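Consider the two complexes below, in which chain A is the common component and chain B and chain C are the respective partners.
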Partner chain A sequence: MNAATLPRLARSLLPAISLAIILGAIFWLQPRAASYLGLNLMLSLAVPIAFATVAQMCVITVNDLDLSIGTFVGFVACVAATMLKGGLIALPLVAGLYPEADPATLPFWLTTPLVGWLVLALGIGVYALLGALIHARDLPSIVVTLGMSFVWLGLSVLVLPTPGGKAPDWIRTVMTLKPPYVPLPIIAAVLIALAAHLLLMRTSYGAILRGAGGNPKAIERAGWSLLKVKIAMFALAGLFGTLAGLSLVGLTTSGDANIALRYTLLSIAGVILGGGEFVGGRISPVGAVIGAMTLTLAGSFLSFMRISPDWQIGAQGAILIIVLALRAVIDRLEKRT
Partner chain B sequence: MANEGSRDAKDDGSLPLSRVAGEGRGEGLLRDTGGAKRSGEAGLGMADTPIIRLDGVQKSFGAVRALRGVDLECRAGECLGLVGHNGAGKSTLMNLLAGVFGAEGRIAIDGVDVSGRHGVAEAQARGIRCVFQELSICPNLSVAENARVFHAGLSGFGWRRRAGKLIRDKLDEIFPGHGISAADIVGDLPIARRQMVEIARAFTVTSAPVRLVILDEPTSSLDAHVAEQLLAFVRRFVAGGGSVVLISHLLGEILSAADRVVVMKDGQVVAERPAAEFTRSTLVAAMGSVAAEEKEGPAEPARARSDAAPRLRARPPRQEDGRELVAHRGEVIGLAGLAGQGQTAMLVLIYGRLRGAGKGENGAFVAGDRQQDGVFPLWSIADNITITSLKRLRRGLMIDRAGTRAMAEGWRERIGIRTPDVNNPILSLSGGNQQKALFARALGSDAGVVLMDDPMRGVDIGTKQEVYGMIRAEAEKGRTFLWYTTEMDELRHCDHTYVFRDGRIVADLARSELTEEKVLQSSFADAS
Partner chain C sequence: MTRFTGAVSLLAVAAALCALPAAAETADKRIALSNNYAGNSWRQAMLRSWDKVTKPAVEAGIVAAADPFTTAENQVTEQAAQIQNLVLQGYNAIVLNAASPDALNGAVKEACDAGVIVVSFDGIVTEPCAWRIAVDFKQMGKDEVTYLAGKLPEGGNLLEIRGLAGVFVDDEISKGIHEGVAENAKFKIVGSVHGDWDQAKAQAAVAGILPSLPDDIVGVVTQGGDGYGAAQAFAAAGRKTPTIIMGNRQDELAWWKEQKDANGYETMSVSIAPGVSTLAFWVAQQILDGKEVPKDLVVPFLRIDQDNLEKNLETTEKGGVANVEYTLEDAQKVIEAAAK
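Coming up: the complex of A and B.
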């Protein structure tokens, strides 16, 4: 209600402004990108990244960090490209046991895609358990999830030793929809942002979840269970991570254990770029989705700049540093007022 | 009850809304506690059954006995003032009432014995609320969301609007003209407003009634006007049959707002009387120890202060008058006052200045919070002792292992650290011996000034005596000690004592002038 409002406003608008600047620069460099097709191409990969970013944000809300989200998304992609399409028999490991079987004569339990769904549900369950473990034993989440990242990677390789498999047709159909006027990735991003916003910012339990990041003691003193909060947040992270893997496999059509290794760092960067804080439960779901889109577009922008792919990761980092430096400046202004 | 009739006459007309609402909605919850409760609430004359009653309650934290048999009663329609010096047990008592932890002894709520099963949730369901100092609010949430955290019932469609209205109405009631919006993020509010939100929240009512509210230093960050609003509300709330426990070191506040005052010292209730029978000076006297102790006088004759240029002089940043802290060579200077009144900040300031001064003067710091600021928990005792002296213990670029060992061994003997081997991990020592190692670290360095930040917390009496002797001996050799302590007895070892309040030096006592009464007087002096 006073001078402090301006920096706060600037802070919440920074993600949107960064996105607008990158988008403007792309359109200026390559006017043809400003079309339905251009946006669809540039932003399609933003959908899984946005999901992964929201997953990371759930964990960051309760002052933890998930270093396994990248390999988890890869695991989901591998499961989706095998079991979700053809059941257990789609696993190279299992297929080896029935070398000459005719698909028509195989028992139901070997061919049903329900197995795939079961495995995905188990994945979310494991996330929930991790939350419980981290809370109950007071473990550092970084260590636990770093360990888990190797577990997920190992499982992915077991599921799909070599890149391949095939995404279920329905995922493929959903991800390649061409709605009139507005490209799918933009609609998807709006929906993801809206869903996460409603879930965490508008529901009454969402306030408890965020409060647990801001002052866990207070939440506990008010009679809430921090264990439930952690479980809820990690399960949500697992759910959004699963959605990230499914949408990714829909775009790539086949799976690969190493397909999403970059997502771990991208998702953290997206949350921070979107105005979230590592500690204190200060998050912005809308900002996180915008941050994910900005990071995706930064790649396209650098391609349009004709920067060689060798330098692109470095240049992407430079963009990140610039935006975060701007935020630090705004924070300092805020403190001064 | 009788003694407050005249005082509240003016407030009786405006019966607080919370009271009415609390009774109506609370009924469902109260029913199961039995008829005694209902009748107790129905008429003020029936206040025989206290809301909460403690009988011989004891509580220990490790070796420290925080409460040694406390009897206490909080009745409806009464404001209970709770005063005491540092470590008297006020906070422990407050946490106990709020159900944060249990204790030995009998605790009864509404006449029903709940010893052993008194928890936060039960306390809240029975209408016992607590305003901790800035601890129970989430800075990343909005004002309305913080109200929601407190009330499990605020959920479902439109919860945000309802929570906002609840907290706004209460803020309007307690602090008219507060200027807080329900959508404000609490962390963005100035500290006074944060405190207002926290207080208002404790008085809001949804499903459980509000019957007893414990306020711990509620006015510490409020300005005089807002503090008055709060105290007026407390009187209204109490007049309506509520009960308040008010903890404050502003004695004027206690005397004007409380009906009954309980004085604590060393984990015991040492006085309990109607507020009207206390005056500021009798209250201060009650907080101090028995007068006989004072008569003993200083342990050693006071020495005349030398006229030579002092070794250091420093003024607290918030000091407005010309007072400053002056320390000479060979002096032990005490920094006294209530906890957290700027003494540690003063030590840190001086330490920073000594470090910046470069050659010549050197400072060493003995931390009070051992685990947080003192020991390197994974290192050996020897490493912990020699860390500040490493410059002198080098051989080329390497650490001289034999030198460090010799130094650590030397100090082990001089100071009596009880360990078979100085290469054992520091955590193998008891708390008192760890503290000795920290003293060895400071005394073993070449520092001329040793700054001590309440270093004797949780140290046994034997160790304390040894360290006192060592401090004396080292001071005689020319070292200067700056000693922040919350214990009266330790000030007797100081040549000169500065009493701090609110970040300022408010009294400057030479050893000959030092009495507990004087220290308490200046620690508790009111702004008014």
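Coming up: the complex of A and C.
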């Protein structure tokens, strides 16, 4: 082992170490948490956050930022709680047009959940288009996605004017599975991390995708289309955002337009906490998932510490700053060697 | 290892479940308040009432703990995580003012499955395993019209001030008012504005609609937080002040008292006391005590009339809202009423 690999190793291990420290502290504070039930309860909400973080990571890979992921996840949750369960007629807007209708006599196109799938596919399509737009017009992604965040919120309110709806039973079943030995959230986290890792770190096109963030000119000269790269990454972000919304609605059982507003900042923090960088295509899918879990557990940790909620946000920020400060130290070591 | 601890914790939960109906004592039981928002005077009063009632209860050894928890942001996912943490912290009951009627159902179900009693109030949840202390807002709206019907036998034109558009509470109160008007044909609602439960907004909205309304408005039906603004708008337009229903806010009561002293003005005031959190506390205590409690309970309104106006105004702080803390006996009465 030479001197250069040590900081690099420390850098890639930092997310895992932070997670282990937080987990250890929680078990020490609240031994009850160190059980199947405890891990299940504490980590179940980490699954949608992990999906959202991976979505954000896809966008960050190509040096962009998605400020609309939170409201997009909320939109997916609203669509899943209405159209994916009962088709178009589940929308309060449409139900108002057929006040007396008997569900059995309604035409097929009003009751089929396929409409829900179509809308979700359209959502991913919109994400792909955004990627194309941002690349073609060379627009700042922050402005475009900030604008989109209001669009998604508006659409969510149209789909579900007041909180409600009902998650499709199959999503509920999947999210409440109780596999033996290992709680579902942990299995899900491992699967998400593995899938994203294989896709972005182990395939040859994954290298191109990351390269588009690191050195776009080189990628372009080598004959690859940057437009296609942006479209692919934004579409991937849309796909993972959709999975975040579906898993969230499986946990909450019903939708609410404002359900996931915090996810925008949480997902960015998760990526950075997990060892990613805002620019340069330097990302870590496994780290991002670990980052998402660390942030979720930080909330539990602070609440077990009995820190007043007014301080919790600040304390969560402090945890983030400590980890980032550690990373800055490692970066410096890396440069020196 | 995980399997072993999992089994142990399951056993513990099972044991807690079995022990529950047998134990008539709640001295070792811990109750938590999960609150989604603390940003207005009503919620602040609610939290103060909670402290005022639960601290002596803990000191007297009725329960082991009654800790309030408020989420920093009014967010469903944050409160869901809070509920899960409270379950892990080993609370026996969670008293819940929920951020969403449906979206917390998953977390509430998990709490129930872990053997925790969940009592929701004000912001109630629809999950069947939880208890609900609901407010009959519809009845509140209807009561306003019933009062006016008794006071104004000739009937006449009414102005309706609604709350925040799209909120369930606004719909319910308004439905009640319209039902009341349908039963009392002598009244007619000639105008309706949204005052957003806010004096300044209500004043602007009423001032805006007044020129288009007939001169003989006899009554204003409101939702609370808007009566004072309506009175100001009528005064500014130089119109005769109709009977304005008040909503227990201090400025409304102070204005009413001023008018009462000056010209014998008569009206009534109705709203929900923030102290309903203490009612929920006692209900949770009763459930932990093994009492049979129906899942749906109804909170009594806090109504102020001509004769008890002074007393209520005195105990209401400036900028606050009239309040009442509930006792164990009040809770038992509410439970009995629901059991019938």
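Please note the rule applied: the second predicted complex is superposed on the first by the 336 of 337 C-alpha atoms of A that agree within 3 Å, B and C clash if a C-alpha of one lies under 4 Å from a C-alpha of the other, contacts with A are read in each partner's own complex, and residues count from 1 in each chain.
The rule we apply is simple: contacts are C-beta pairs under 8 Å (C-beta built on N, C-alpha and C of every residue); 3 or more make two chains touch, one makes a residue touch a chain.
Model, not experiment: these values are computed from the prediction.
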By the touch definition at the top of the document, which applies to A:Leu251: first (chain B), second (chain C), both, or neither? second
I want to verify the contact counts: of chain B and chain C, which reaches more residues of chain A? C
Classify the contacts of A:Ser141 with the two partner chains as first (chain B alone), second (chain C alone), both, or neither. neither
Quick one: classify A:Ser204 as touching chain B (first), chain C (second), both or neither. first
Which of chain B and chain C A:Gly214 touches, first, second, both or neither: first
Which partner chains sit in contact with A:Arg282 here, chain B, chain C, both or neither? Use first/second/both/neither. first
If you stack the two complexes on chain A, which partner ends up touching A:Ala222: first (chain B), second (chain C), both, or neither? first
Please work out whether A:Thr294 is in contact with chain B alone, chain C alone, both, or neither, and reply first, second, both or neither. neither
Could you look at A:Pro161 and tell me whether it touches chain B, chain C, both or neither (first, second, both, neither)? second
The chain A residues in contact with chain B across the complex are 1, 4, 8, 202, 204-205, 207-208, 210-211, 213-215, 217-224, 280-282
If you look only at chain B, which of its residues touch chain A in the complex? 100, 120-121, 124, 132, 135-141, 145-146, 148-150, 152, 154-156, 159-160, 179, 181, 184, 187-188
Name, in rising order, each residue of chain A that touches chain C in their complex. 30, 32-39, 41-42, 44-45, 161-166, 180-183, 248, 250-256, 258-263, 296, 299-300, 303-304, 309-310, 312-313
Touching chain A in the complex, chain C uses residues 2-3, 5-6, 8-10, 13, 69-73, 75-78, 80-82, 84-85, 87-90, 100-107, 109-110, 114, 127, 166-168
